[in-house]
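Both complexes below contain subunit A, partnered by subunit B and then by subunit C.
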Partner chain A sequence: MKRDILIGLGLLVLLVIISAVSGPYLLRLSTIVLMYIVLALSWNFIGGMAGYPSFATAAFFGLGAYTGAVVQTSGGSMYVAWCAAALMTAVVSGFLGWVLLRLRGHYFAIASFALVEVFRVLTNSMTDITGGGMGLNLPVPQLASVHAQAVFFFYAMLGLAIVTFAVTLAVSHSKLGFGLRCIQQNEPAADILGIKTTLHKVVAFILSASFVAVAGAVYASWVYYIEPPDVFDIMYSIKPIVMVLLGGAGTVFGPIIGAVLYLSLEEIVWRNLLQVNTGALGVLIVLLVLYLPRGFLSLKFKRLRKKVTT
Partner chain B sequence: MTLLRLTGLSRKFGGLNALTDIDLTIEPNEVIGLIGPNGAGKTTLINVVTGVHPASTGNVVFDGNDITHYKPYQVARSGIARTFQIVQPFPEMNVLDNVAAGAMAAGGARSVNDARNQAMTHLEFVGLMPFADQPASALTLAMRKRLELAKSLAMNPKLLLLDEVNAGLNAAEIDQALKLVREISARGVTILLVEHLMKVVLSLCTRIVVLHHGKLIAQGEPDRVIRDPLVVQAYLGRRYADTEHPNA
Partner chain C sequence: MLYLQVILNGLVLGGIYACIAVGFSLVWGVLNVINIMHGSLIVLGSYVAYTAHAAFGISPFVSILFIAPAFFLLGYLIELVLINRIVTAPVLLTLTLTFGLDLILINGMLVGFSADFKRLTLDPPLGTLSVGGLALPVDRLVAMVLAIALTGLLYLILSRSRIGRAISAVRMDREAAMLMGVNVNHVNSVTFGFGTMMAGVAGALLAMIFPIYPLLGYTYLGKAFVICVLGGLGSIPGALLGGIVLGEVESFGAIWFGPEHAVTVSFALLILVLLFRPEGLLGRKGFA
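Let's look at the complex of A and B:
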């Protein structure tokens, strides 16, 4: 665990240096990377540790964004809005998890997928509160300059990513994490050993939703205009899954590495192959999944180093 | 005091009566052999007691508490452990953590480390210590059966339900398994074992219970029960029972 914390701190220092020396492009890119790190770490609780393939990430991202936006437009401060987003989503996801987590495998995946559509349609139709299809304008953050804004939201996302990582670390070394791993491996066996499977899964689901919701609320404050197709975009569900699988599901660092790797690839491919960028990215993902099915972290680094030195 | 009391226990799957009106009591420190032809309802009985399938009617009282409507994890926490006919390890976790899982949930360990420490003693007991850091999927069937035993022992059970621990083992492995079951019984754990091998049943059990078509047709001392015409008939057919073959 000590080693994990050290590696985490190293990554952190690296990120802060990047932000300090970089221009607006890199700053914005690393803010987005941090946001996806939060999303990937969150999905890891339910998808990686518990083994329940949830597609609900976008639903909670949108719910968080809209909760935050509604609080802010009705006069609440940004920080209040972010906390409200976390609370609201924790309650909603707790209830939904208690219902949905009775389903397993594909059935759970489809049900969680449907959540995104349901939430989007609801938001679209509740025009009085959410502005419906017209979207919501948030108050522009009162900061000195455009650059100061960018720096502020970089650190906001960084803070959130650190909290999410710290919780991941704590959970993976706790009885909760142990129980989740048992559920992922063999749920009936975990049940018969006396593990409270439903409670474990609901807690994992709440964890997987709450940080995502705060990320959504921070995102809303950052771009200060949101509309349903933007924040309930299904890509917010799919990308974190690809990232976690890329990095190593159920591990502590896998989601972080996966997020950085995926977004770097996406950026490089997009820049160089504008016409066929999604196609090229798709091929890359297929190759990675075929040849590294257990993620980047499953590479035997020690053996690799031996090969290099001998 | 009676440890487990089943009264009028029935379980239906649609129109099929898998268990009909079972009355059974188990006293502390007994080793009970549950036998019966294939499809008699032996595993269903275990599943109903452990809450995997809820009882259709009747009730289950364990250690003074009515556990009829308990969920599997509650049954486990109340002191009933079981093994499965088809072993159920956590394949990618190592052997030590497999056992620690039992210690953590029902065994009442305070932390992951505590659970691993408790798991060590149980691994030692079943002789799997040399494989502690191997993934469970790397074990042979005989070792996996012992792993199942260690997992259930880690739960500190008062009652252990063993569902065919010897199925698929060779003669030497069966002898080892028998030795373990005897030692567990000597520790004061009450055991109910489902078993097809008569040799095992006769050498281990203090009492035999016979199920046939979901009904309890005989119970009592091993030697007497296997001569019971009803039991012979259930296993070998009426014609065979009528000839009163003594060594059936």
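Let's look at the complex of A and C:
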């Protein structure tokens, strides 16, 4: 635990240095990296620790973005909006988790897929609240300059990422994390041994939804225009999963490393392959699943273990 | 009269939906793999039929004769080379793999056929049949009849032939089938081949009814999910029933709640069935 905190602090210092010296491009990119770190760490609660293949990330991202946006357009401040997004999504995800987490494996995956679609269509059709297909315009944040805005949202995402990471660390070393790992390995056995599986899973689901929702709300304030296909994009479900797989599922640092690696790849490789960028993502996914299913972190450990044994 | 027409529309739609879902359901039931690519494979079938019609004037009714074996081979190879390597891995990995393949396929279709909407128009058009005040578009009717016939053919293959019985055996109990000397890897590949074949053929038939564009696959995939869950996994009669139920639900949903809520209604149905009858409406195992 101490070592984990130290590495986390090191990363933090690195990020702050980057933000202090960098221009607008790098600042924006690191804000996005931080957002995806939040998404990946969040998915890790339910997908990595409990082993439930959730595709609902986009649903909660959108729900958070829209809750925040509606609060802001009706006069609430940004911070109120972010808190409202967290609260609203925690309640909704708690209820949905209690219903959906009875399903396992493929069935859960499909139900969570369906959630994104249903949320998107519902948002689209509730025109009087959400503006429907026209989207919602948020008030532009009143800050000194464009650069100050960029810096502000960088620190907002950074703060959120730190909170998410701290919670991940706490959960990972707590009884809750232990219980979730038991559920991943053998749920009926965990149940028999007295772990309250439903409660554990619902808590993991709420955790995995709430931070995502705040990220969505911050994103909405940041770009100040959202529409259903933008925030309920299924890619918000897929990318965090790829990142976690890239880094190492169920670990504390895997999602962070995965997010950084993924977005670096995206920036370096795919902006040169505009025509085939989704195809390139597909190839990456296929290679990853076939050759590195346990993530980047597993590579290092394998080598270390070899060193120890020889 | 209105309701009769709605029921009829639902039935016709349902027959076609069954054809969409049957391959998906078979793969899921036998390999325990959710094939996210299925929708895009249907769209690929549509594009092949469209190209054959636009470039060489071959009617889709003829082109399914070569689409079927070509798609079987394609599916067989995809399974053999890629999916078979992780077929026993956890759900998340198999799902993610087929999703990655799906992205590649969609991107390929975007580059190859562009993002424009395409439509295969038969010349001369088949027109509309009217029986006692009920309107029946002939193209849909023919597509439905063919779809059901193909589904029936697959059912016969599965219940009568040697490889079909092997597939059913693997679906019922993988380990037991292995112990009885069934070559499970071969069965996996053949099953995936059949699934892909049904997707290609369904695509060729659908090309006559719906406009085609590369991202259409997700719509079909969503329907296949719902039908599969309604009908129960890997069961062909189940897929037929599920298809018809979904067709009816969408038709009635459209007149009661408005067509924009068709997706919500069908997904709500999906979640309800998942919760209360997860084995599907016909729910019994081991039925070809």
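Quick note on the criterion: the second predicted complex is superposed on the first by the 299 of 310 C-alpha atoms of A that agree within 3 Å, B and C clash if a C-alpha of one lies under 4 Å from a C-alpha of the other, contacts with A are read in each partner's own complex, and residues count from 1 in each chain.
Everything that follows uses one rule, which is that a residue touches a chain if its C-beta (ideal position, glycine included) is under 8 Å from a C-beta of that chain, and two chains touch if they have at least 3 such contacts.
Note that the coordinates shown come from a computational prediction; the quantities given were computed from them, not determined experimentally.
Asker: Is A:109 contacted by the first partner subunit B, the second partner subunit C, both or neither?
Answerer: second
Asker: Is A:238 contacted by the first partner subunit B, the second partner subunit C, both or neither?
Answerer: A:238 contacts subunit C only, not subunit B.
Asker: After lining up the shared chain so the two structures overlap, which partner does A:182 touch, if you call subunit B first and subunit C second: first, second, both or neither?
Answerer: In the superposition, A:182 contacts subunit B only.
Asker: Touch test for A:51: subunit B only (first), subunit C only (second), both, or neither?
Answerer: second
Asker: Per the contact definition in the header, classify A:285: touching subunit B only (first), subunit C only (second), both, or neither.
Answerer: Touch status of A:285: second partner only.
Asker: With both complexes overlaid on chain A, does A:98 touch subunit B (first), subunit C (second), both or neither?
Answerer: In the superposition, A:98 contacts neither subunit B nor subunit C.
Asker: Taking the superposition as given, does A:152 touch the first partner, subunit B, the second, subunit C, both, or neither?
Answerer: In the superposition, A:152 contacts neither subunit B nor subunit C.
Asker: Give the list of subunit A residues in touch with subunit C in this complex.
Answerer: Going by the criterion above, the answer is residues 47, 51, 53, 99-100, 102-103, 105-107, 109-111, 113-114, 117-118, 121-122, 124-125, 234, 238, 241-242, 245, 275-279, 281-286, 288-290, 293.
Asker: Where on subunit B does subunit A make contact in their complex?
Answerer: Listed in rising order, the residues of subunit B that touch subunit A are 50, 52, 71-73, 76-77, 82, 84, 88-93, 97, 100-102, 104-107, 111-112, 115, 151, 155.
Asker: Which of the residues in subunit C come into contact with subunit A in the complex?
Answerer: Touching subunit A: residues 28, 32, 34, 82, 85-86, 89-93, 95-97, 99-108, 110-111, 218, 222, 225, 229, 260-261, 263-264, 267-268, 270-271, 274-275, 278 of subunit C.
Asker: Quick one: which bits of subunit A touch subunit B in the complex? Just the residue numbers, please.
Answerer: Those in contact with subunit B are residues 173-175, 178-179, 181-182, 185-186, 188-197.
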